[in-house]
Every structure is written in C-alpha cells, then in structure tokens.
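I have a structure I would like to understand better, so I am pasting it below and will then ask my questions one at a time.
For clarity, chains are labelled A, B, C, D, E and F in written order, and residue numbers in each chain start from 1.
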Amino acid sequence: MASAVGADGPSVVVVSAHAADFVWRSGGAIARAAEDGGSVTVLCLSYGERGESAALWKDEGATLESVKAARQEEAAAAADVLGADVVFFDAGDYPLRPTDELVDGIVAQFRRLQPTLLLTHAERDPYNLDHALTHEIVLRARMVAQAAGLPDRSTPPLGAAQVMAFEPHQPEQCGFVPNRFLDITAVFERKQAAMKCMGAAQGHLIDYYEDLAVRRGVQARRNGAPGSVIHAEAFQQVFPTVGATLW
Amino acid sequence: MASAVGADGPSVVVVSAHAADFVWRSGGAIARAAEDGGSVTVLCLSYGERGESAALWKDEGATLESVKAARQEEAAAAADVLGADVVFFDAGDYPLRPTDELVDGIVAQFRRLQPTLLLTHAERDPYNLDHALTHEIVLRARMVAQAAGLPDRSTPPLGAAQVMAFEPHQPEQCGFVPNRFLDITAVFERKQAAMKCMGAAQGHLIDYYEDLAVRRGVQARRNGAPGSVIHAEAFQQVFPTVGATLW
Amino acid sequence: MASAVGADGPSVVVVSAHAADFVWRSGGAIARAAEDGGSVTVLCLSYGERGESAALWKDEGATLESVKAARQEEAAAAADVLGADVVFFDAGDYPLRPTDELVDGIVAQFRRLQPTLLLTHAERDPYNLDHALTHEIVLRARMVAQAAGLPDRSTPPLGAAQVMAFEPHQPEQCGFVPNRFLDITAVFERKQAAMKCMGAAQGHLIDYYEDLAVRRGVQARRNGAPGSVIHAEAFQQVFPTVGATLW
Amino acid sequence: MASAVGADGPSVVVVSAHAADFVWRSGGAIARAAEDGGSVTVLCLSYGERGESAALWKDEGATLESVKAARQEEAAAAADVLGADVVFFDAGDYPLRPTDELVDGIVAQFRRLQPTLLLTHAERDPYNLDHALTHEIVLRARMVAQAAGLPDRSTPPLGAAQVMAFEPHQPEQCGFVPNRFLDITAVFERKQAAMKCMGAAQGHLIDYYEDLAVRRGVQARRNGAPGSVIHAEAFQQVFPTVGATLW
Amino acid sequence: MASAVGADGPSVVVVSAHAADFVWRSGGAIARAAEDGGSVTVLCLSYGERGESAALWKDEGATLESVKAARQEEAAAAADVLGADVVFFDAGDYPLRPTDELVDGIVAQFRRLQPTLLLTHAERDPYNLDHALTHEIVLRARMVAQAAGLPDRSTPPLGAAQVMAFEPHQPEQCGFVPNRFLDITAVFERKQAAMKCMGAAQGHLIDYYEDLAVRRGVQARRNGAPGSVIHAEAFQQVFPTVGATLW
Amino acid sequence: MASAVGADGPSVVVVSAHAADFVWRSGGAIARAAEDGGSVTVLCLSYGERGESAALWKDEGATLESVKAARQEEAAAAADVLGADVVFFDAGDYPLRPTDELVDGIVAQFRRLQPTLLLTHAERDPYNLDHALTHEIVLRARMVAQAAGLPDRSTPPLGAAQVMAFEPHQPEQCGFVPNRFLDITAVFERKQAAMKCMGAAQGHLIDYYEDLAVRRGVQARRNGAPGSVIHAEAFQQVFPTVGATLW
C-alpha cells in the first residue's frame, strides 16, 4: 500500500466515503490519470460495511469483521486494476463521523502526496449524509493541510489543489451540475474490469454504470467532443481553474 | 472589416452589447487568442450611443450620428490594437431590441466564422437589461446557427461552440461566479493600449479595470496559478467542457 | 391627475400591472410616504379588465369599456385616499405586452418624476406573467431613463433609483424573500379605506390583506421591531443600499 | 384531429415545441393517461423542420414543405399509437416566436379542452431556447385562459391546471429536478412503438430513451416504488399540489 | 407511550425539535393520518425547556425540571388529542446536540415503527439552528436505519420513507417552498383543541396559526382545491414521489 | 479588555474566526460605529496561529506560543486604533472546533454586551471552513443567548440582533451578494492605520484592501451614493430589517 508520487504526471487523491464508491463513480478518471503517468491514491474512509454490503449480510455467519475484510479485498483489487494505491481508514459508516483522528489522517496523506487534484463526493446528498460529510471533510482537510504552522514540519504545506465532485447516484436531487465530461473511452475496459471486482451480487450496478457511461458519452459529444468519444464520466469543479487559454 | 478564419488557431467570436464592452471585459482574452494564432471577431450590436456615451453628449453640438461615429472609431481602433476584426450591427441601445434582422445577422456571422468559443455578457444584469438580452440573443443565435434546415445552404451548421460570460461591472448582483481565470499578464500592455482608445473621458475606467486585473490575478494565484501571473480576467462557462484530462 | 414633485420628501413611483395591485400590496407604503411629505405617483399599466375583474363580468351587460371605466374609478379613488397621483396607461392585460410605446411612456414618467424609489412586482410569478413582465419593464425603463442620449433633452437622466418588490400573493412560489418590513401601523386605517374602494365584491381580499398585515407585523417584531408595530408590509430590495451606517 | 373531452378521466394537454419532443419525453405519461380513460391532446407548436430534422435534410430534394409534411406524418402516427389527439400550429422553429396568434391559438385550445394537467418543457434550457420559450408560452396561455373577460364567451375560463415539466436532454444543465417518477412499465411497449414512428434515422434516440426509462425506473424503486416498476419517466411540478393526504 | 403500527393505514413519524413544534406546524396532518386509520408517533427531541418556555420562566420558582415537566404534560395532552403516540428524548435544547445516543435512539424508533412518511422541520432556519439540525438528524437517522448491517438484527431495515418539511415560522427566510397543501378542514377543530393544550400563555400563537390555516386554505383553492377546503397546512417534500399517475 | 455598553450609540459585536479577519473585512465599519458613539467589541475565536501566520513561521525559532503572542499583540493594537474592545478565545484554528465551551463563552459575551448588530463571516466559504463555521456558531450563539431559561439569570436574554456578513476574499465563490455598501471615507485613514498594525509581512494585503475599498466606493456611487463617497465596505444582511421608511 506504499505510494510514491509519480515523477511523470499529476498527483491525484480520491476520497471515497465507502469502499466501492470510487470504482463506480470515478474509475475511468483514475485509470486515465494512471495511464497518463500520474500517481493516484484512493483514501477509503470506511468499508461501507454497515450500509452498503447488504448482499454480504445475507450470509448467516456474517460478522462486521468478515464483511469489512471482504470489502477491503474487493476494493484493493479494483484499485489495483485501475492502477491506484489505496489507503483504508476504517472510520465506520452509517454514519461516518468527522473525528479529529480521521481529519488528521487525511491531512497527513494530503501533505505526503501533495495532490494537485482531489476527487470526492458532491457537496449535497440527502439520501446519504456520509457522502456530503466526506465532501466537507475533504474541504476541511485541504484547508488544514495548507497551514504553515502544523506540528509536523516534515511535510510541506499543500498547494491550491482543485477539488472535483464525481457523480452521485441521483444527480439532480444532489444539486450536481456537471461542468466537465471526461473521455474514458480508452480506459473503459479497465473500468469494467474494476467494477467486476466488486462482487457478483452487484452485477446490476455494472450494467447501470455501463449505461451511464454511454449516456454521458452522448452528452459529451453534444457538447463538442469528437465522435470517437463513446464513454464519459461527469464531474463538477469546486474552485475556479486558471490557465493561459480559455478553451 | 473583412475576416478570415485563422488557419492556425481557434475561431473566437465576441458579442458586445455596446461598442466599448468587449474592451473592458475581455480585451485580454481577445489579445491572447490573437497572439496564439486564433481568429477573433467582435460583433458590436450597438454603439452604446444613447446610454454609454455621456461624455460625448456634453458637447453642445452632439447628434446621434456624431456620437455613433465617434464610438465606432474608438471601438474599431481598440479592436485593431487587440488583433480582432469587428462588425457593427447598429441595432440601437437603451433598449437593445431582439429583432429578427439582428438575430439573423448574428446567425450569418456564426455560420461564416464557425467559432468554437463565444464570449459575451452574463445571463443576468439588473442594472443593464441590454447585457442580459445580449446573452439570450447569443444562445438563440447559436441554436439557430446549428440548424440543418436554414434557407442559406452555403454555410455549414455551427458546431457545439462553448459560451463564456465575461465579467459584469457588479458581478455579485448579476449572479456571476467565475470558474475560469485567464492569465493575461503577457498581453496586459496591449489591453491597456486598447482601453486608451476608448476616449480620454473614460480614464477613470482604465484605472478601474487595471485594478480589477490585479485583483483577479491575486485570486488566480490563490487558485493555483504560478507567481508569474499578475493580471487576469474572469469568465464563467455556460456549457460543460469535454476533454481527455480532468486538470 | 397632474403631479408635482414634493419639495419636502422623497419621490416614489409605484408601477402596478393591473389597477388594483398597488392597493393590496403597497397601500401602506404609499400612505406612509405621502404622510412623510413625499410625492407618490402610481403608474397603472392596465385596468386588469380581462383577468382581474371577474365580479364585474358577471353583469350581463358588461363590456370591455364599462369594466375598464369601473376599475379606473376604483383605482383613482384608492390612490386619492392614499395620497398618491395615478397615471393610467391602458396597455391591456392578460397578457400585458411590452411595447415600445409603453416603455417610452414609463420612461417619460420616470424622467418627469425623478423617483429615488420604485415599487413594483417581484421578478418572478409563475401564476401571473403580467407581474413578472412588469418587473422586467421597470428595470428596462429605469435603464433607458438613465441614458444621457435620449431624444427628449427637456428632462434630466434618472439617477440610481432603488427598486423594491412588493409581496406577491403566493410569495414562496415567486422566490420572494422579504428583506424589509415596513411599519404601516400608523397608516393602516388609511390602507383599509383604500382597500374598501376596490369594490364590495372583493371583501374577502380585504380580510385576507388585513390578516397578512398582522402576520407581517408579528414577523417584524420577531426581527426587532418594537411592540408598537402591529401592521407591516414586506418588501424585497433589488439593488444594494448605501449609507453612512450599517443599521 | 377532432377531440372530445373524455367523460371517464382527466383531460391532459401536452405542449411540444417541436414535432417529436412529446414522444421521447412524455410518451409514457400520454399512454398511461389514455389507458386510464383520460383525454390527451398534443399541441405541436412547430414541426422542428429547421432544427430537428437533420436526417431529412440530407436528402438532396428536401424542401421546407417536404420536411414539414414528413414530420407531421410521423408525429400524427406516434400520437395515434399513444392514444392522443394532436393539433399542429406550424409556428416555425429555430427560433420559435411567441406571436399573439400562437398564444391566442393555444388559449383557445385550453378553453376548449379544459385540461387539469399541462405537460411541457422545462423552464430553462440553454441549449434550446425554443424549449424554454414554450414553457413561458404555456404559463402565459394558462393565465390568459383563466381570464373572465376574454372576447370569446363561448368557452368557460380555465381552472387552476397543474403544469409539469418533462425531462430535457441534459437535465442538470437545465435546472431540472424531478419530483415525480411516473411508472410507465405497463405502457412501455406502446411508447416504444410510438418512438419507432419517428423515423429510422433516429434509431439511436430510441436506444437512448429506452436506457433512460430503465435508469429512471431504478431511481423510482430507490424512492419507494415496488420492484414491479421497471420503466419510469421523470417530471417536475410547477405549482403546489393539493390533497386530502400527504402521501 | 407504547405504540402499535396500525394495520389499517400508513405509519407516520413526526420528529419535533421542541415539545410544541409538532402541534403548531403539523397538527392537522397528524389528525388526518390518525383519522384515516394510520399510526402516528411523535418524537420530541427536547422539551424546548430553555428556549421556548419563556412564559413558564416568569414564575419565580421555575426550575429546569419543573419547566420540562410542564412542557411534557402539555405535549402529551396535545398528542393524545391528535391521536398520536409520543416519545420524549430529553436531549436538551438551545442548543440541541446531535449525539450518537440521540441518533441511535431515533434509528431504533424508525426501525420499530417502519414509517413510510417522516414529517420534520425545514432544512434551513437561520433563526433557530435546532430546527435545521433536526432536519439533518432525520436524514442521517433515516440513512442509518436503512443499513443492513446494524448490530440490532431484531428489526428490519427501513424502506425509502418520504420526508416532508412542515412550515417554519418565517418560511421565506428558511427557503421553504411548499409543494403540497394538505386539506385539514375536517380535522381543524381537533387541531384547535390540541393547540389549546399548549398553555394559556400562548393564546396569541393559536390566533396566529388559525389565521395561517385560513391563508394556506385560500392558496390551496387557488391551486385547484375545491371550495370546501377552508383550512390547510403547507409541506415541502424532500424526495421525489413515485406513482402510477401524474395527478 | 473590559467593555462598557455605550450610552450614546449602538452596541456592535464582531466575531472574527482568526485574529486579523476583522481588520481587513470590517475595519471601516468598526471605526464608524465607534466614532458614532457606539460600543464595539471584537471576539477573536482564534489567533490564526496555524493557518494565517505563514510569515511568522518562517522564523526558525517560532513556536505556537510565540506566534499566538505576536498575533494577539497585532490584533489588540489594531482594535485599539479602530476604537474597539477585543476578547480572545484562543479556541484554535485550522480547524476551528465548535466546542460547547466556545459557544457558551460567546453566548456569555452576547448576554453581557447586548448587541443590536453582529458582524461576522459569510455563510459559505469553500476555501476556509473556519469562516463558514464561525457564521454558524454566531447564529447558534445568538439563538442560545435569546433563551429565557439559561442557567445564568444575571444577564437578560438577547434581543433580535441583526447579523451582517462582511466580505470574504473571493466573494463570488462564497455566494456573497452585498446588499449594503457602507461609506467608510471619513474613517479610511483609521482603517489604514489599523491594517498597518498587522505586520510588515502583509503589506500586499494592505494594498489589496485599499483597492477593494475604492472599488466598492465606485459601486456605492453607482447605487446612489453621493460623489463624496470614495471608500466603502460591502455587507450582506442575514435577517430582514424593520423600519418606518422604505428608503
């Protein structure tokens, strides 16, 4: 699980409330960044052991530990397929709690990894407050990681990392308005392979997210992408971008 | 006033409600696009002759025609300094009216120029409904220009041109939330020269927009721009962007 | 119907889509301004003859002219009770149309009266597009009246008049968020008298607006008004205010 | 094309900017209402002849008249499959214009049909101002149709018809937030049959809207629908509903 | 305080920040649900002992315990009149704190009662953060109660319960936009009787909420309710509804 | 640090997340209130020791205590120049935590000082969650301070104090929409003197806020201020105001 900042590309950190979220919602972005020579690390705040493992709980002998172990194995396999490192915080789910320990741990990772891009959940999700809380935790940890006066002087302050929200399950109910469609056509098979790591019981979700990628691909082409763009993921930026061109 | 689509760069069209708007609000973006080898054409819907020429009306002998002529001369000079072509529609100001003739004229320019980027006013401006109306006209003309069945078959339909709003005078009152800061440091002297074309009576506006460029430059650096970025302009995109990277 | 700008107080202009709107929604504000020595002029864009005169149309012999005459008489009487002048534009209702003639007529009144405050409908009203359109017309006429280059040089340009929206019938559906409660306790009897001018058939509306005044009075006290405030009207400002104090 | 208000069910009117819009976006709702014994009438404001008939314009000999005729035939066939009447206004597209004649024609239909439910486009669509304008026209025509004083006394005023927006192509960019998922499982084959009327060249749209129905079905189940709900359409209500129960 | 899920009707749970909130804001909805054969349970998170019992604190000998006892007695009496069970959490007010114990207690009730509808405060209330916090707690507890892996396996996971916000005291300042008016005419006397339980010192609130019910009744009729609807309560749904009809 | 409520003017309390915030963002408002005979007390929740003291941390020997001491000295000097008292809570920054102790301390100050106006940060700031949290803490403390049943009976409940947000560094990204421009021309030199207390290392911020004051002054004049207004600060009110006039 050790990670080295890539010499060749950007450093991306993905913060996932539950073990599987990063796969469905940003697997394509992760694979692209990795293939482009970037370094990607996923921070899984919980295993989704209580709230997002219903299939595993149908097993009579399931325990919290057995469910967590199964979810960790799946998530680690998926991250590996996508080319990302993964760090598990085991902070508990349903509800996730924003403890000092959790925030400090994330801050330490931000200082270590020096990301220029953070991917995480949208600001709002009335169905799943763990998701909204993760967004808030990311903004808080980003702010703390930028402070000059932290006790740990061995890592430099974080710069002005961009934060982008990946797509929630019911985007309109979450105030999610995509302003960037990422072409994931070239890495879509890799995303499919990663989704398959998430367990046979979730096959319906694979279909669902395959269809979603096609739908976002259609919209990407409607917004100017070339006809070669078949699959896309949608993102919403939190901060303004800066650049030397407008387009 | 003839225009040729640049072979080397993107085609940008700027739609300006009044003769001077494009200079103050997007002079830097125009100069950058031109220096990058792009083709930039400014469509001035009116001369701002009634509502934005108070200094000229202090002259006892001023007439509508004399004011319009003076404004046209200034705007043409400023466009020339910035490296842009300019087309004047003389559609009247305070209020501007969205006549069929005006929309058809803009559509014809969009078909001729095939822009990939349209710069114009923000969607909302309670102080100046000509600005808000220009935004709406641009969206309407963009839609019409995309139609396959227009009578004029000599020009191809427009593609999915991005639309970006430039900064209004009182951004917060207009719902303007910048999501792109453009580095205009390298062309700032050119923007200053263009602003000086707009008449001695508006010297205070030059100071105002110089200060604004510095302020937006500070914010650009706060959002990740390198220290070399001194001057910036702010823009808000209307449509999602598409691309092969997230950053 | 002639009007003289008051030497002693502010000049207020109220723009009412239909003949009765100004009475129910801003009768207290009008009476207060008049009692404070201000000059108040109501511009009635239509008589509400088609859409807001159902009781009159129950009369077998009713004609458009008879209905308009009855509504004009009522509105003139109410304005008189409140201490305001009134100008009727007879521009038609359901739907009101934003013709050049109408806007020019309003501009002429704004230049003549030089208001510092404009009261009108809220920006949005999905039940009644005449109301939303009147808001837009007021902003447009305000902009035009500020222009230095209008043909009529006999009146000076309008200054930066504040615009305040009065309360729609279903405020939450119209995005109406009051930010000013006006104490109308001292003039409430006058408002009641004006409401009674609007015809016996609308007695239920009088009860409704009496209750509303009490309700807004309760809220005013909840927001810091002294216990002497019994009746209030609610308003939403469009532009920032400026002043030498914050409170 | 004659229509009779159904004695057995509600009267629904669908207002469609272009000939095909009602099929893709509300075909299921129409079929359900018809099967439930309601009367459904579609008002097609234009044929989409200029802007939404690209495939037809590839034919060398295409003329405006031939394109309009083809679109009318398709739309009439689709309406017939769905069990709805259809009225064509031929008001022109790209851009649609809100003429008095058009609004009066819609008002006349509203008075004749006395709908309790109006289905139309969303309030906002930056890609397609014809859609947003149609929403506004519907609200305006609804208001006018409610007036007691219209010249035509042969039809009674319209009541407080609900307005619901059907789903735009890029819902998040249009501010579309569904608050009602309609189960269309039982009529989905009928919708498919209607979609097939819209021309072989649009086969990709059929796939797209089939996938969308499945996606909205998944979301319906996530919001409490029983497992039997496979296909759904999404709608956003404009006005509050009223009832004797909350659920 | 024992509760049995009604065999004949829906299960409704009302979550009230302070002891009296549920009476003023949703007494009609509770009475209707009970009369319709449903089971209604009120969860009172606090007694409002510090912040909403000013009249009781005027008594020289008042103590926290005496105030809480008085408020509990009133609330229990009101719930009884309305036909609801009530559970008191005694979690403290001004400020209410979202402790694990409180959330777990609510989760246990949600699992026990299996509500299909949750009534609570609006998402936002700048005057009273206890109200906004209660909304957030309800969403969090709903999510947790849906989890398959909670330690307590004796109760099944909660389904996709709808959440509806009842009306805050100053709705526009709280972003409250009603989308459902509930006819409470038939149970209004029962609501009045419940309000009278809340203490003589709050007689002015009874008048206030009687007037509000009339006002919402007028608006219900304006939105299509029959003339028999005299009193109404306003609600705002959080999640989309699903159904087999649109109206 | 003792404070006495001024007999001659209003009581203002400014709540500042970090030691310097109140100077840059509301120094003019503080000086004006003090000069007008009001009593102003600043509550500094933290010293900004970790996150807003980068220049001090460049000193090799810097410790948390030395940085805090330096910041306290600067802030006290600036408050003195502005004519305000200051209370330091030393609650920690990056992140600030909303402990019971902190909220209780603020409540005690609100009860002691009985402010009619509270100045603090805006509701939202994605760059700096300490700022947004301070806004929330102020609303919570205001609510608690209004409670009749607090244990400390020696101070009376707080009234309905207005809350106004001062300007964040990137206003558009924080949803900050000014609705009040305060003329600070007469006290601008005093604000400059206070800013100079904040340390030589922050000279660039002085320039930045001088320019901002000029920019807001221009906007104040655009909104009706007389030509004598050169410098202004921008504020956004949280609650409705109440008064006997509209203007």
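Everything that follows uses one rule, which is that a contact is a pair of C-beta atoms (placed from the backbone, for glycine too) under 8 Å apart; a residue touches a chain by one contact, two chains touch by 3 or more.
Everything quoted here is computed from the prediction, not taken from an experiment.
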| item | value |
| --- | --- |
| Reaching chain F from chain B through chains that touch each other, fewest steps | 1 |
| Touching both chain D and chain E (chains) | A, C |
| Farthest chain (mean CA position) relative to chain D | F |
| Residue-number overlap at the chain E/chain F interface, same or different (half cut) | different |
| Intercentroid distance (Cα basis), chain D paired with chain A, Å | 38 |
| Mean-CA-position distance for chain B and chain A (Å) | 38 |
| Residue list for chain B, restricted to those that touch at least two other chains | 127, 173, 178, 219, 222, 239-240 |
| Chain-to-chain touches, reported pairwise for every pair that qualifies | A-B, A-D, A-E, A-F, B-C, B-D, B-F, C-D, C-E, C-F, D-E, E-F |
| Touching residues on chain A, where the partner in the complex is chain F | 103, 136, 139-140, 143-144, 146-150, 163, 238-240 |
| Of all residues in chain E, those that touch chain D in their complex | 10, 12, 29, 32-33, 36, 116-117, 119, 159-162, 164, 178-183, 219-220, 222-225, 229, 232, 234-235, 237, 239-247 |
| Footprint of chain C on chain B - complex, ascending | 49-51, 53-54, 57, 62, 64, 67, 93-95, 126-130, 173 |
| Of chain B, residues touching chain F in the complex | 127, 169-173, 176-178, 208, 211-212, 214-215, 218-219, 222 |
